[in-house]
Amino acid sequence: MNPPEITIAITAEFYDLDPMNIVWHGNYVKFFEAARCAFLDKIDFSYAHMAENHYSFPVVKMNVKYIRPVRFRQKILVTARLVDAENFLRFKFFVKSEDGELLTIGDISQICVDLRSRETLFTIPQIFRDHLHRVFPEA
Amino acid sequence: MNPPEITIAITAEFYDLDPMNIVWHGNYVKFFEAARCAFLDKIDFSYAHMAENHYSFPVVKMNVKYIRPVRFRQKILVTARLVDAENFLRFKFFVKSEDGELLTIGDISQICVDLRSRETLFTIPQIFRDHLHRVFPEA
Amino acid sequence: MNPPEITIAITAEFYDLDPMNIVWHGNYVKFFEAARCAFLDKIDFSYAHMAENHYSFPVVKMNVKYIRPVRFRQKILVTARLVDAENFLRFKFFVKSEDGELLTIGDISQICVDLRSRETLFTIPQIFRDHLHRVFPEA
Amino acid sequence: MNPPEITIAITAEFYDLDPMNIVWHGNYVKFFEAARCAFLDKIDFSYAHMAENHYSFPVVKMNVKYIRPVRFRQKILVTARLVDAENFLRFKFFVKSEDGELLTIGDISQICVDLRSRETLFTIPQIFRDHLHRVFPEA
């Protein structure tokens, strides 16, 4: 089994913190994005490839649940897992401490837009799934 | 009727944009926060008051739906409406264009933590509701 | 006299703060940018106009002096003053409290790049100065 | 020789970019901060230690020169080098591409404030230099 996911390590920086001395809740979106882009790199379908193929994948929905705070210089592990690539791209995110404690979960949904016609496509293009299946045959 | 809400005007800045030339989806969290803090100012219960009263209100949940993008130097109207102050603080957010088109909606839930005992309170403290009712008697 | 400058009001938000409870030093760059873009709007030569005219104005130098901190929900006045439009665009910035106390000063220099040839121009294009002089004849 | 410096690797993320498809000039301050905090970790004198010892080190000056842009998902090497620890802390920063091309340089100066008296100290405390010399005896 080789689930379509990637895990990256991130260190919470001073500029991520708020006056409560914890990571400001809006900054987790950056952690999710870094993991999602690492995943897209892994399947070799980054934003550059999207644009070349005249596709854009705007985010249409995002949900986050905050379980435990992240502190200054804490190393966290951020997993982006692709859970749907039919009509939407849908990613789930898991932020964990180094010893495996779950800190935050989230998910985002992206639709595909054809940049030439400006129309929303209701199916994720085959080229995306081709890239995906080369690296994750079972996805 | 005087619903417990506030609307502020924000201009989308260059540093809010992403390479697609629209506001990056993570930056709406800042718009929500600015509106929420304006609301807390209005009822005279800002973060400073919270800390004085040994309370903290960490965000435990956030949901965002993106309907239409916001562009460079676009003026947007961001409404924060308090919809629950019993066991959680729960705010709904509405981002609209100047001509009233709905662009983004969101909501966040905050719990109350007593900073002395580090314990989560399962009821929003009376002092918050006192501040609220002075400005919004029907809330 | 009508010096080529603009002053905007900004409120320091929760997400601008660091754990010392003051605006994080890197966030002043955003304040400068908001004032600079307001100035470019005023002379009707925004980034959109630049791009239409195939010009880009990358920042090549930035200096900031921090005199006094800015605190949560503090209203500040940010002035962007154009001090050179010959070979560079050079702006000076002044951040003041509402009662006129100087808090931060800064300056940035931008060169002009022709987006077609990718070449740096060593003179700011006449079209920029035309826009400037319509609003600021003495500049 | 063991100069008092550290080099960290950073990947430029989507949220670091501006509509010109390059890292927005204000975001280099984050890269500098990450490298500076890594340096302070290395000499075991992080913000937590500072606060325990009742010291704060606010930034009073920052200068940046932008030489070449950084692009999406580009890996950069950011060096923070301590060049003065007498009356100020002064760091120089060098941002390079993976093949050693210099992209950005910068420097910041920090003063020391005693958090009990709120007074500025005109000498960096001995405890900082003790921590420094344990790791960098020649500094």
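Each chain gets a letter, A, B, C and D, in the order it is written, and its residues are counted from 1.
Assume a residue touches a chain if its C-beta (ideal position, glycine included) is under 8 Å from a C-beta of that chain, and two chains touch if they have at least 3 such contacts.
Remember, predicted model here, so these are calculated numbers, not experimental data.
At the chain C/chain D interface, shared numbers over all numbers used: above half (same) or below half (different)?
Homomeric contact, same residues on both sides for the most part.
Which pair, B-C or A-C, has more C-beta contacts?
Pair with the higher count of C-beta contacts: B-C.
Please name the chain that ends up farthest from chain A once chain centres are defined by their CA atoms averaged.
Most remote chain from chain A, centroid-wise, comes out as C.
If you average the Cα atoms of chain C and of chain D to get two centres, how far apart are those centres in Å?
The separation of the two C-alpha centroids amounts to 25 Å.
Between chain B and chain C, what is the gap in Å from one C-alpha centre to the other?
Once rounded, the distance between the two centres reads 29 Å.
What whole-number Å value describes the gap between the mean CA coordinates of chain A and chain C?
About 34 Å separates the centre of chain A from that of chain C.
Would you give the residues of chain D that are in contact with at least 2 other chains, written as numbers and ranges?
Touching at least two other chains: 14-15, 19, 26, 29-30, 33, 47, 72.
List the residues on chain C that touch chain D in their complex, please.
19-20, 22, 25-26, 29-30, 33, 47, 56, 58-66, 69, 108
Enumerate the contact residues on chain D facing chain B in the complex.
Result: residues 14-15, 17-19, 21, 24, 26, 72 of chain D touch chain B.
Would you mind writing out the residues of chain B in touch with chain C in their complex?
11, 13-15, 29-30, 33-34, 37, 41, 46-48, 72-73
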